[in-house]
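Next up, some structures in structure tokens.
Look at the two complexes coming up: chain A is in both, with chain B in one and chain C in the other.
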Partner chain A sequence: MSITSFEFFVMVALLVLVYYALPLRYRWVALLVGNGIFWYKGNSKAALVIMLAMGIVTYVLARLLEEKREQKGAKELVTVGVTLLAACMIVCRDLGFFVGNINGLCNLCHIPFQMPDVTIPSPMGISYFALIWIGYLLDVYWGVAHAEKNALKFALFCGYFPFMTSGPIISFRDSGAQITAGHQFDYEQFCFGLQRILWGLMKKLIISQRLAAYVDLVYGSYNTLVGTYVLLAMVLFVLQLYTDFSGCIDIVLGVSQLFGITLPENFDLPFLSKNLSEFWRRWHITLGGWLRDYILYPILKSDLFQTIGKKSKKKFGKKFGKKVPMWIGLLISWFLIGFWHGGGWNYILGDGLYFGILIILGEMLEPFTDKVIEKLRIRTETFGYRLFQYVRTFVLFTIGLSFFRAYGGFMEGLRIWKSALFEFSPWIFFDGSLIGAGLDAKDWNIVIVFMAVLAISGIIRYYTGEQIRVLVARQPIVFRWLLYVALFASVIVFGCYGIGYDAQSFIYQQF
Partner chain B sequence: MNVRRWQIAKMCLFLMILCIVMGAISAVVVPKYLVENTDWPSTSTFKQFYEMDEDSIDVLFIGSSSMATDIMPQEIYDEYGITSYNLGTTEQNLIVSYYWLKEALRFQKPKVVVVDNQMMFTFYADEELNFKEPGQRKDFDYMKWSKVKVEAVHDICRIDKSQSELSYYLPFIRYHDRWKELVKRDFKYETTKLYGYAPLVGETPLEDNAKSEPYTPLRDDIRIEDAAQIIDETDVDSKRHELMISYMDKIISLCKEQGISVLILSSVSPTETETRHVITKQFAAGHGIEFLDFNVKQLYEQAGLDYVTDNYDRRHMNVEGAKKISSFMGGYLMEHYGVTPREHHAFEETKGYFEEFLSRQ
Partner chain C sequence: MERAEIFAKLNEVFQDVFDDEDITVTEETTSADIEDWDSHEHINLIVAVEKCFGIKFNMGEVTTMKNVGAMVDLIAQRI
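On to the complex of A and B.
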């Protein structure tokens, strides 16, 4: 069940009615029913069995960990749990990647061995819930969260239906109690939730789906559509991905708000970032937070890394040497980010290590760049310089994402770049060449208008520090309602859905 | 009023506004097939049907494009005084015909129903409904909501899983993409200039004449007993479509329940083969009803048809052909089905409009 489908919204509407009709202490049951419907609709029987088995193992291990937290065997238990969940995720999603690489290696070494290509049914949202459940086990092990005793409440948290398709990656310690508790009806939050859903639908159905038409066309025929067509497709893919993913998150957060649940934000104006470190603190925030809490920090605290730190300080000096373990930890984290995005070298290199290396280089070269800025007397507090920083970050991100979008693999990413640099053809913006390239003139106009709406709302938020819906809520009711009705009408008229459009898959669903 | 009640009232009011917006958008984006913008004005046919006075129609013609083009109810009225309506529309499959017949019977009590046999045969083997979805879809958009339409929509979506039932209730789901082609007509239109009546009474008049080779009608002595020898199994265009035939059964049953006579008709076309003729003849005989095939030499000549001058596009009759078939049918219905003439003010008042309409074609 897609979270942009009418079926989904009908289900949510019914759940809302049931939720608030139930006594406060039983309201969570309505959400559990929602989980059941969502899991059943979104999974094959085999995938459902795998998911339930993973859930049962997590529940039992968490209970055991709670009991044995300070005792012998707890470390082994958590290791088994984390390994099992990670292995399930990797096997279900990325078995093909390993088989392909092993077979490729065998071919390269002339070893007469080929592994059969086996497909394991992948439960919907395994990329998200596996990380959430791993975090849950670790939190219980570290004693920062208690294991949920009620198996049904555990089932509600661990398979909370809104986050199953595209996150955010929540933690039990922050969101567990919220999801499993009953909430009073809060009119203001309810309205904000509805508005946020509508905003998400606008991003997803009006902008992202249209951009996808152009991007898919160009990436599918980069041999004939060369030069600026490809460069534009790379830029538009970033916008497509942003509107798709953040639109989806808006819907997830909005739906949760209808039930009085506030989930963590996943995006915070990422295109207004001065550098890549900041960008990744604003883009897919919960993934970064998960890796920081459950991978990077534990790695840095490990005995091995403490030893590396001591040795590097001796060798490279205190200032530089203390950063070495952090950089190694960052590279491991970025490798995992890339791998999590998909089993393929284009993801590992383009969406993982590439960013890790750039961030580390940025830190390493910081003293040098600071000197250059000083020598050239560049005024870094000016708008012009900030704009340069935003554009630079966007360009660097776009380069990485161009490999991410090369679904054919890393080598295809290189071929696409070769096509992009084949010729500089700016005339396509003026001679009408873009009209008909996946989108007609009216579609381009719609994209421009709604991207402008999005940009303006972002700028207002940046300068006022307030969400646009909070500002709108202070306006007179007639003006407010006119805006809501206009947005609603825009979504149902200009949205790409129904016959002829496939609004089923969010880009992030496949990872 | 306390705060909670005020909030609930606001939410209800806002929900009502959204419903009105959805309704208004649907009304605008649903395609309009009017005499002003198409040769096949199915919107006019269906909308105008509701303009007719109740119980004012004695004969109902229903079926695919052949029926739509071949029968001119005004011509029949002008010549014989028989009141009829032509609910035939392009690409109308027999499921649509069945439900439109059901719908028509809510308002009219015809003595005779005439159905064409085109859709008893396979058009698109890979289409669940024998025809592409848009062809069927446009026939339902202008049906009024009632139990009949609810049943029809449910039935169609049960058969054709690719269709969304919800999109019939909220047509913008199906047609919102049309925002790019909206014109003044989509916001403001009339199905007829003589609002209140149905000046074309469902007729789809086509003036042109396609140049064609001389046409040889089917022989007169095609007998059911010889069906096994006649039926050509290799002729894919003459293959029975079982689902459609099951709905033809339903049409006949419904008419028999209501005491209405049924008659199957086949239009003149080279695509009408002996196989199709004998299959339809067998079917009609099985139900004890009559089958009139204008492709058979005797009937072709009795009606005074000349395919070369009377065809529009080799499949349909033009106005000349339609006049001849209508004239023949009027007499035949009067003579064999006891349909009697009656004066009706709507038909009287649209006489002039019809003549004027034909003169500008």
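On to the complex of A and C.
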């Protein structure tokens, strides 16, 4: 069930009615029913069985960990749980990747062995819920969360239907109580929720869907559409991914707000980042937070990394040496980020290690770049310099994402770059060549207008520090409602629906 | 050890880790108040605090400390 589908919104509307009709202490049951419908509609029977088995194991292990915390055997229990969940995620999603690599290696070494290509049913949202459940087990083990005793409330949290498609990656310690508690109806929050859903639909149905038409066309025929067509497709894919993913998160957060639940934000104006490090603190925030808390910190605090730190400080001096274990930890984290996005070298290299290496290089070269800036007397506090930093970050991100979009693999990414650099043809922007390339003139105009709306809203938020919804809520009633109606009408009139223009599934849903 | 003593020792640790002798931490000090206190330096800080007070924080505590006051609470419990 897509979260942009009519049946999804009918289900949400019915759940809202039932939720607020029930007594406060039973309201969570309505959401649990929502979970059940969503799981049933989104999974094959086999996938559902796998998911339920994983859930039961997590529930039982968390209860045992709660009892055995700081006793003998607790470490073994949590290790078993985390390994099992991670293994299920990898086997269900990425078995083909390993089989392909092993077979490729055998071919290369002339070993007469080929593994059969086995596909295991993958439960919907396994990439998200596996991380959430691993975090839950670790939190219980570390004593910062209590294991949920009520199995049904546990089922509600661990399979909360809005986050099953594309996150955010929440934690039980921060969001568990909110999801399982009943909430009073709050008119303001309810309206903000509806507005956020509309905003998300605008991003997805008006902008992302149209950009997809151009991007898919060019990436599908990069042998004939070369040069600037491809460079433009790379840039537009970044905007497509942003409007798709953040639009999805807007819908998820908006739906949750209808039930009085506030989930953590996943985006914070990422394109206004001065460097890649800052960018990744503003893009897919909850994934970064999860990796920091459950991978990076434990690695860095381990005895091995502490020893590496001591040795590197002796060798390279305190300032530089203390960064060495951090950089190794970062490379491991970025490898995992790439792998999490999908079993494929295009993801591991293009969306993982590429960013890790650039961030580390940036830190390594910082003393040198600071000297250059000082020598050239560049005024770093000016708007011009900030703009340069924003553009530089965007370009570096676009290069990485060009491999991410090369669904055929890393080598296809290289072929696409060869095609992009084949010729420089900026005239396609002026001679009408772009009209008909996936989009007609009307569609291009719609994209440009709504991207401008999005950019202006982002700039307003950046300078005021407030959400647009909050600012709009302070406006006179007539103006306010004019904006709401305009947004609603825009989604209805300009949204891409129906046969032949079906809303594609969300890009991040596939992970 | 009195809370004030813990703060005095913590100040020295912070000044050493962040190479800044002007740092003075209070109950409410958070990572937002110290320029270089990012997720990278957080672990260096935690390890230095552990070494100074001869204690160990578990990973849950490392990830959920809200401010220096919370850190001092944990130190006071352990020493």
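Definition applied: the second predicted complex is superposed on the first by the 510 of 511 C-alpha atoms of A that agree within 3 Å, B and C clash if a C-alpha of one lies under 4 Å from a C-alpha of the other, contacts with A are read in each partner's own complex, and residues count from 1 in each chain.
The working rule: a contact is a pair of C-beta atoms (placed from the backbone, for glycine too) under 8 Å apart; a residue touches a chain by one contact, two chains touch by 3 or more.
Remember, predicted model here, so these are calculated numbers, not experimental data.
Upon superposition of the two complexes on chain A, no clash is found between chain B and chain C, which fit side by side. Contacts of A:442 after superposition on the shared chain: chain B is touched, whereas chain C is not.
In the superposition on chain A, contact of A:301 is made with chain C only, not with chain B.
In the superposition on chain A, contact is made by A:494 with chain B only, not with chain C. In the superposition on chain A, A:383 makes contact with neither chain B nor chain C. Contacts of A:481 after superposition: chain B is touched, whereas chain C is not reached. No C-alpha atom of chain B lies closer than 37 Å to one of chain C in the superposed arrangement. Across the superposed pair, chain B and chain C touch chain A at no common residue. Residue ranges on chain A touching chain B, taken from their complex, read 6, 187, 440, 442, 481, 484-485, 488-489, 492-495, 497-500. Of all the residues in chain A, the ones that touch chain C in their complex are 138-139, 141-145, 173, 292-293, 296-298, 300-301, 306, 309, 319, 322-323, 326.
Residue ranges on chain B touching chain A, taken from their complex, read 4, 7, 14, 17-18, 21-22, 25, 29, 133, 162, 164, 166-167, 172-174, 176-177, 179-180.
Chain C makes touch with chain A in their complex at residues 19, 39-40, 42-44, 46-47, 58-64.
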